[in-house]
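Pasting a structure below so you can have a look.
Note that the chains are named A, B, C and D in the order they appear, and that numbering of residues resets to 1 at the start of each chain.
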Amino acid sequence: MSDIDDKLMSPADAVRRFIGNGSQVAIGGFTINRNPMALACEIARQGVKDLHLVCHSHGQALDLLIGAGCVSRLELAYGGNGRYAPTCIRFRDAVENNKILFEDYSNYQMSLRFLAGALGVPYIPSKSGLGSDVIRLEGFPPGIRKERNVASKKVVIAQNPFSNDDDPVVLLPALTPDVALVHAQYVGDDGTVRITGLSFADIEQAKSADVVIVSCEEIVPRSIIRRDPDANSLPPFLVDAIVHAPHGAHPTACYGFYDYDPGHLNLYRAAAGDDETWRAYLDKWIYGVPSHEAYLEKIGDTALRALRADPERGYAVGLDRK
Amino acid sequence: MSDIDDKLMSPADAVRRFIGNGSQVAIGGFTINRNPMALACEIARQGVKDLHLVCHSHGQALDLLIGAGCVSRLELAYGGNGRYAPTCIRFRDAVENNKILFEDYSNYQMSLRFLAGALGVPYIPSKSGLGSDVIRLEGFPPGIRKERNVASKKVVIAQNPFSNDDDPVVLLPALTPDVALVHAQYVGDDGTVRITGLSFADIEQAKSADVVIVSCEEIVPRSIIRRDPDANSLPPFLVDAIVHAPHGAHPTACYGFYDYDPGHLNLYRAAAGDDETWRAYLDKWIYGVPSHEAYLEKIGDTALRALRADPERGYAVGLDRK
Amino acid sequence: MTGYTDTEMMALAAGRLIKDGDIVFAGTGVSMLAATTAKRIYAPGAVFFFETGGIDPDLRELPMTVGDPRVMSGTSINTGLIDALSLLGHRKLRTIALLGTAQIDRYGNLNTTSLGDYHRPATRFPGSGGACDAASCASGVISFVKHEKRRFVEKLDYLTSVGWYRGGDSRRRLGLPRGGPIAVVTNLGVMKFDDPTKEMYLACRYPGVPVETILENTGFPVDVSRTVEAEPPSAEELRILRKEVDPQHLILQ
Amino acid sequence: MTGYTDTEMMALAAGRLIKDGDIVFAGTGVSMLAATTAKRIYAPGAVFFFETGGIDPDLRELPMTVGDPRVMSGTSINTGLIDALSLLGHRKLRTIALLGTAQIDRYGNLNTTSLGDYHRPATRFPGSGGACDAASCASGVISFVKHEKRRFVEKLDYLTSVGWYRGGDSRRRLGLPRGGPIAVVTNLGVMKFDDPTKEMYLACRYPGVPVETILENTGFPVDVSRTVEAEPPSAEELRILRKEVDPQHLILQ
């Protein structure tokens, strides 16, 4: 028996148990990297509604969840996937056509808001954004400002009380989401989590949340993960559910394991631009597959093999990325 | 030629070049661990005066610098060395006999103040300390409150502007010291710094400072230190001076290299309790040795060998620590 | 086996309060002894962590302070002060802090800073370290103190770490929504706190210690009406404490 | 060699502005091309970093975005967003940010958020990402934009990233003590900013581009009295850009 028997579960069970309509969810990763896709696909598959997503710069999971109609509120800094979607396509559609409520911040602001949540402090000051419309304009309507997990004000401009000069700062309200989704390279069978390569703001997001769901490429013995505790990212007691999902970030990258999948991202881009082809994409890749394993089978071994990371460089050297 | 030729220097040169009378200095490490002792001894040897030390929980370097008369102002959370000095001895003498100005904070408060400095924000809020004398009583006299690198107020109690209820928070002013001293296990010949084991608040302290001096156990090739960039602690451009000082934390511990030295710490304790024996300690171990190498020679190979860390456990297994 | 020292009884009395699954923040000194003892005897499934950032170390050797390299060995994760101290107050965790103190008042407020005038003290102690933080943010505090009248005082010389503050709901009204003292472990017995007054009372006395001795050594009145006698240390408890936890008598004197 | 594309000229023009020793924060798109090109041709000793946390990667392959695994390969250190974005404003570093934009005004303020009404925009762009942060905190900003009247506008639809704000010392008066736009690299030339007005002027035009073309494509008047003609790309610059930096034409179209 390992220490994580009670936490180890399928994506379906993790989503059913911890995410409901209206949940506030922080998604780990960044644009085309280490998105918790196995979990995001499962959320879409279960048809969860009215999610309130909170994220910095996001791409694939964000766009999929919006496109699948799971999201009614969004706080973000950026929605884009590089050449595969300079602006995320279903996100753009939802904003331009008034399908969701949205609130813009910057990456530093969103990261500091997660940090404030992780530190257990109500807000954090910053200089970033003074004079910008990011500070001036509220995206959320006043009517929802009193609801749980919506900041009473987008930001507050205050004077630095330690300065005698005029020294304005932007106070950024803490984020304390219901759930944080993380895709990691490794989880030990003691429950310790290890992210390799850049951690983005995943650690702050996890620490700021009530519930943390971690999907991972590999589950390794305690003796292995504890051989180098300096490399670890989260202690067991912050993690509520562990999902073993190899290729669980596909079609985004997972440093040291696989690169992003240009073929699938191009296919996605082509589908997302039109409501009808988009519906067909969802039918084929989400609703039409019962599980993450079935999804991977449909992607196919050949495609996955081409993405395999070079062990030293961490990405697929020479991959055709057009 | 390596990238660090212009940064590589002796302790004497680093101290002469970057530390002057009145400098505000943050010391890395914690009580009996990874204190930058080679640098601290050199500061004492050069007779630097009126340092303003800023630290969380410190022991050996703190006590030595105070005892050598280098310090006139101190902001700290804790001064102690476990059984070798439940309260640091020269620190205690200096406070009880009005030899220095001092200001008490808690460890979280001091760490958050360094974090604020590292983030470039003027302050950070916290709940820690509400109702305590740590918040209520100022240690520094009002007269120095307008000087450079002294906070205009010890703390400010403010209301959380995002809450409609009574929700007081303690605002902690940022620290931006002139110099941060760090003792690390490794520096790459590209200038990258790696601390192994606990980093305490060393990274925040380094990022908060104008100048960073790093002493280290080993200088390793760029190809080695960059093989695992996830393990690294500071990028080259934050580091101003690199000092190669094996055993540079002695008599405090350096995880993976050596344990703390109970023999020397007991000798120190015995000497520090009395002004005359203390003077003799300084004469023998600081002023009487021209360099860190000469100090190590006096400590002796036999003593150093007994402290050698077990490679797996990181400390000297079974060391007599009485 | 009948002979045992005050420190041994304190370490065991505190260790017995810790349960599997607890997340325990330990300080230096007797706290460390209690933590290492609990890990071996009472609660191998408890998670211990230290303000320095070491989380769940194997504790095969007794760390002498929270800065000992033994707190970063065999851990789940090695972080730093900010991570560790922010975990103390994490809303999803029930954290218990073990803190030594030099003075304590009837509401469990602690002084580890100084005696006499703050600016020119008669005796200076090390200071807060993480104690003020743990007292502010943890779910509960167990403190250690020698049972002497000059330590159990009506008024602290300096309030380093907030307990129940002035009793009743005064702690909450300070802006500290959770936490507060759970127990005070001394060399004579264990004190707990009444609801809703939050005043200290004597919960148990150690074997052979008369209630009167405790009253004589406490600088304020305490309710002793609910006092029970603690179980004496078993031979096995003492063996583990002496032979495995602190064979060098680093903290056991 | 005479044939080259707008994007190639932009990447080279921006790359030429970067010097050894510069600490450069690069965004997605042409920014990434300019950074990778500068690392190979003009400033191998410049340090590039990305908001995602990768510091000084080897850039052997062109990262497609700042979230590309290629920004975390061969680095000095892999951190996260908070570390990277706090370095932007570090007082001891001179940091230069490379930012793409959809709209720009005469003071170098940028819009990467939306066109039309913010709440129901005609066109939504990705948003700030780290651009607002870089514009607020870096020592200087070099921006990229296609030279069109609808992009060089009198008034931005949304001010995402503050440049010289309303000119003069208005940026400093906002509470931003340092930074501000250095240059704007377009497909026709390079614009810089006057002191003390902080208004944009035409610093150079690319070979063969008439000043009139630039004026026609700028939605506000600009001073062209100091305009010089840029050096055309050399054969070697183009070879490196095409064969080494972006052989797959991921960003070069």
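List of remarks:
Assume contacts are C-beta pairs under 8 Å (C-beta built on N, C-alpha and C of every residue); 3 or more make two chains touch, one makes a residue touch a chain.
These numbers were taken from a predicted model, which means no experiment stands behind them.
Path length between chain C and chain D in the touching-chain graph (shortest route): 2. Under the touch definition stated at the top, chain B and chain C share these contacting partners: A.
Chain centres here are Cα means. That of chain A falls 38 Å from that of chain B. Each chain gets a centre from the mean of its Cα atoms; for chain A and chain C, those two points are 40 Å apart.
Each chain gets a centre from the mean of its Cα atoms; for chain A and chain D, those two points are 27 Å apart.
Chain contacts: chain A has residues 112, 119-120, 127, 167, 169, 197, 230 touching two or more partner chains. Shared interface positions of chain D, defined as residues touching 2 or more other chains, are 72, 74, 78, 82, 86, 89, 137.
Every pair of chains that touch is listed here: A-B, A-C, A-D, B-C, B-D. Residues 23, 47, 49, 55-56, 72, 74-78, 82, 86, 89-93, 137 of chain D are the ones that touch chain B when the two sit in their complex. Residues of chain B touching chain A in their complex: 112, 119-127, 151-153, 156, 158, 160-164, 167, 169, 171, 173, 196-197, 230-231. For chain B in complex with chain C, the touching residues are 29-33, 56-57, 59, 76-83, 86-88, 91-92, 95-96, 98, 104-109, 111-112, 115, 127-134, 136-137, 139, 166-169, 197-204, 253, 255, 259-260, 309, 313-315, 317-318, 320-322. Interface of chain D with chain A (complex): residues 28-29, 51-54, 60-61, 64-74, 78-82, 85-86, 88-89, 113-114, 118-133, 135-137, 158-162, 165, 171, 174-176, 248-251.
Taken in their complex, chain B has these residues touching chain D: 118-120, 176, 188, 190-192, 207, 210-211, 225-226, 229-230, 232-238.
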